[in-house]
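Take a look at this one; I'll ask things after.
By written order: A, B and C. Residues from 1 in each chain.
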Amino acid sequence: MKAFNDLADFTNDEIQALLELANRLDAHPEPHALQGKVLSLLFLSPSLRTLASFQAAMVRLGGGSFVISPDMSIHGLETRPGIVMDGAAAEHIREAVPVIASYGDAIGIRAFAERKSLEADMAETEFRALTDLIDTPYINMESAMGHPCQNLADWKTLDDLGVPANGGKFVLSWAYHPRALPLAVPSSTLRMAAQRGMDVTVLRPEGFELPDAIMQQARDAAEASGGSVRETEDRREAMQDAQVIYAKSWSSTQCYGDRLGDEKLRNELIDWCVDEPWFENAQDDCRFMHCLPVRRGVVVSEPVLDGPRSVVIHEARNRMLAQMAVLHQMLGGQS
Amino acid sequence: MKAFNDLADFTNDEIQALLELANRLDAHPEPHALQGKVLSLLFLSPSLRTLASFQAAMVRLGGGSFVISPDMSIHGLETRPGIVMDGAAAEHIREAVPVIASYGDAIGIRAFAERKSLEADMAETEFRALTDLIDTPYINMESAMGHPCQNLADWKTLDDLGVPANGGKFVLSWAYHPRALPLAVPSSTLRMAAQRGMDVTVLRPEGFELPDAIMQQARDAAEASGGSVRETEDRREAMQDAQVIYAKSWSSTQCYGDRLGDEKLRNELIDWCVDEPWFENAQDDCRFMHCLPVRRGVVVSEPVLDGPRSVVIHEARNRMLAQMAVLHQMLGGQS
Amino acid sequence: MKAFNDLADFTNDEIQALLELANRLDAHPEPHALQGKVLSLLFLSPSLRTLASFQAAMVRLGGGSFVISPDMSIHGLETRPGIVMDGAAAEHIREAVPVIASYGDAIGIRAFAERKSLEADMAETEFRALTDLIDTPYINMESAMGHPCQNLADWKTLDDLGVPANGGKFVLSWAYHPRALPLAVPSSTLRMAAQRGMDVTVLRPEGFELPDAIMQQARDAAEASGGSVRETEDRREAMQDAQVIYAKSWSSTQCYGDRLGDEKLRNELIDWCVDEPWFENAQDDCRFMHCLPVRRGVVVSEPVLDGPRSVVIHEARNRMLAQMAVLHQMLGGQS
C-alpha cells in the first residue's frame, strides 16, 4: 500500500480485509509486527485524536513515531511556491516535508482546507503539493476534502453495530456550530456510506448543500454498491426509519470562504442541534455518530450525547484500530 | 491494580513489594515486560519530571506512551459540566478523557488544585470528575491533594538512605516562595511519612497549618504504623535530632484562594529559606529532600542544595523507578 | 563512548568505523539493538531535523526517547549561576539537567551560542556549564561552535558522493541571510572538511572571517590529514575546480554580538546568494550542500536548490544514519 488517501481507492473487499485485520489486532495483539519501524507524523493543522491514536497504534505494533508541527521550525514553515524567503519563515515545506518523510517508513500528513477557494480545496491543491514532494508511503490524516482514517473507523463502527451494508438507513446531518468548519468529514463520510452500500440521506439547510461533484461521486459509489443517495432539508423526512444519524457542522458552500456571508446564514440555524425529538420517527435503536470534537448543547444535546444512542467514544477508539490495520499493511507487518 | 491514587490505598507490605520490584527493575532491566503496551499521559497542568520519567519508564519496559495537553485541542478543553459550548473551547473533557484513555492500557492524569475552595480541593472534585469518566486503570500524576508517585519515590529514597521506618525523625518544613503553591506535595508527603511509621514533625508558620483533615489522616496512619505526628512553628524544636528535612512551600490555608491575603502573610516569611544553621541541632548526617522544582536562594540556600545533605537528584531518579514498578504491576508485566 | 562532542576527538579510522556502522544499519536494520534503552533529548534551542532524526534513530534501534524543552518547565529554566530565584523561572538547570539525564542512558543537548561574547562562545561556556552537571554519556546536538552530528552526516554524504578525502576540492561559502546566525555549522564544517583531508577554501566577504583559532585548528587538522585550508573573498578563485560548495550564513565576527553593526555589513551583501553562475569554473558535477533550514532565493537560488547539484535531502537523511551509529556505539548496541 503506497498511500491511504481515500476509501474510494480500495474495493469493498479490500476494506473488509482491513477491518478484519483491525479486529484481529484488537483480539490478538502483535506487539512485534512493526519492531523498529518509524511513522513520521506531520501536523500542519491541530489534532487530538489523530495525534494520540497514531502514536498509540505504532507502539501497539512494536514500532514508534515522532511528531512535527510547524511551530517546531524557526518561525514556521513557508508553503508558497517560488517565493524569496526574506520574511519570518526560515524553512520551506519543499525541504521540510521530504526530510521528515526520509526519517520514516511512512508519513502521516494533516493539512486542513485553506477555505479560500472551493475549487482549490476540491482539487486538494495544498495536500497534493505536500504529497508530490515525497516517494514515501503516506497516510491522509485529514486534508481539505478527505479524512479516510475517520471513514475507515466509522465503517468499522457500523459493522460493529450491525448496521447492514445494504438496506442500512444512514442520515448525514448538518448541525449548527459557531464557526465555519471544513468539508472534509461530511464529504468523505457521505462517500464512505454510499460506498458501503447504505441508503444515505444528506440532511442540510439551504446554503449548506455539499458540492455537486461530491454528491455525484457518492451517487456513483452508491450505484456500484447497491445503495442510494438523496438530500433534503426536511428533518422529518430524512429521519424516517433512520438507523444512524451522523451529525457534523460544515461551512456554507454558497458562501465558501466568505466568513460574514456564512455567519449570516448559520446564525439563523441554531436550532439545528440534534436532540431527542429528532429521533421520533427513526428506528428505536437509531444511533448517534460524530467524529469529535463536538460542542455539547450546540451540535448535539447533552441527553443524546450522554445517552445510549451515542457511539462517539466507540468511534474514536476505532480510529486506533483502523489505523493499526493500515499501518500493518503499509509497513509490511508480519502476521 | 486498577488505580494508583494514594499510598493509603496500599498496605505497607504492598508498598514494600512495589519498592522491591523497583529495585529489581533497576538492577535487572526487563526491556520486554510491557512490549506493545501503551500509557496515555494527560497533563492538564505543567510538568517536567513527571513528563520525562513516565515516558522513560515505559520505554525501559518495552512499551510506549503519548502525551496530551489541552493546548493540543482546538482552543483547549472545556471542564464545566452542563455548559452550552458556544464559547472558545471546541471539546469537553467528557469526550476527551474517555477517548484518550481508550487508546492506552492505563492513563496517567495530572490536574492541579483549582485553589478556589479548600473544601472542593480536599474532596478532589476536579480529579474525580476526570477519573469518573473512565474504566481504564489510572495513575494520579498529581491532583489537588495527592502526588502518590512522588510519595512512593520518596519512600524509596528514605529506604535507600537507611532512614529507619520506625524511629526515623522526619521534618516536613514549609519554606518561602514568591507564589502560593498547591497543598498536594506537603499533604501527601506528611501522610506518606506517617504511614511509613516515622516520627514526623510539621514545621510551619502561623497561617500555613495543613488542613485538619490531613493532619488527622496522618495521625491515624502514624498510630497504625507505630509512628507519630506533631506540628510546631519553632524551628529549633522541630529540627532536634532530625534525620531528614523535607522542604516545600505551600499556600496559606488561612487565606486559601485569597491571593492578596496569602501574599501579605508570606511576605513576612522570606527568612524561611532552609540554610545550614537550621541543621545545628539535627543529626550530623541530616538530609535535605525536595520534590523539585526548587528555587535556589529562596526555598533553600545554594550551599545546602549543592552540598552533601541534598538528595534531590536521587529523589527525582527514584520517580522513574517507582513508576516502573507501578506500571509493571498495573499493566501485567511478565517477570 | 562517553561523549560525542567534536569530530576532532576521534581519529579518522574511528570516524570511518562509525560511518561503516551507519551504512550497515541502513542496509541491515537492528530493531532490537537498543531495546529498553532511553535517550533524553534536551532542546534549549529550536530544532526540526535534530528533533525528528534522533527520535527516529532510537525507534529504529528498538529503544526510545523523550523530549524536554524549557517551555515544559514552569516559566522556563534559569541558567545564571548563583542567582536568588525570586523571578519568573521556577527551576534551575543545575537540577533540571542532572534529573533529565538521570532518566536516560545518554542525553542529547542543544544550546545555541548566546552571541554576546565571541570569547565565551569560543570557550563553549554555556554548553560546558550544562555537560559539567552530568556523568551520563552525552551528544552535542549543536552548541555555540560545534555541530558534530551534522559534521558526521556530511562526511558520510561526501563519502556517498565519491568526493575523495585527499584531493577533494571543498568550498565553504558564506551566504546572505537577513539575520545574524551562529558560527557552529561553518566552524565545525570547516574543521570536518580539513580533518577529512580535503583541499578546503573558505569563501567569505570582509568582516565575516571565521575566528583565528578555528582557522588554525582547521590548518592543523589539514596538515595531519594531508589536506589544505585557505580563505578568500574572491568567488571565482574559490570555485575553481570545486567539487562541493557548502553554503551557510553566519554572523559577522568583526561585529560579533553587535546586531546593528552586523546588519550594516550584511545588508551590502545580498548578492551572496548561491546561483548557477557561481559554478562556471567549478567541476561539472560540483554539488551543493547545506545543513538546512535554508532560505530559498536568499541563501541559494531555487534552480540550484531544486536542481541536480543539490544533495540537501540526502545530507538530512544521513543525520539519522550517522546518529544511529553514534547511539549504537554509545549505548552498547549488540551487533
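Please note the rule applied: a residue touches a chain if its C-beta (ideal position, glycine included) is under 8 Å from a C-beta of that chain, and two chains touch if they have at least 3 such contacts.
The model shown is predicted, which means the values in this text are computed figures rather than measured ones.
Rotation angle relating chain A to chain B: 120°, from a CA superposition, given to the nearest 5. Shared residue numbers account for under half of those found at the interface formed by chain A and chain C, and the copies are therefore classed as meeting with different residues.
One finds 40 Å separating the Cα centroids of chain A and chain C.
Looking at chain C, one finds that residues 64 touch two or more other chains.
Partner chain B is touched in their complex by these residues of chain A: 29-32, 46-49, 51-53, 55-56, 58-62, 64, 178, 292-298, 302, 306, 312-313, 316-317, 320.
Residues 35-38, 40, 63-66, 68, 72-74, 78, 82-86, 90-92, 94-96, 98-100, 102-104 of chain B are the ones that touch chain A when the two sit in their complex.
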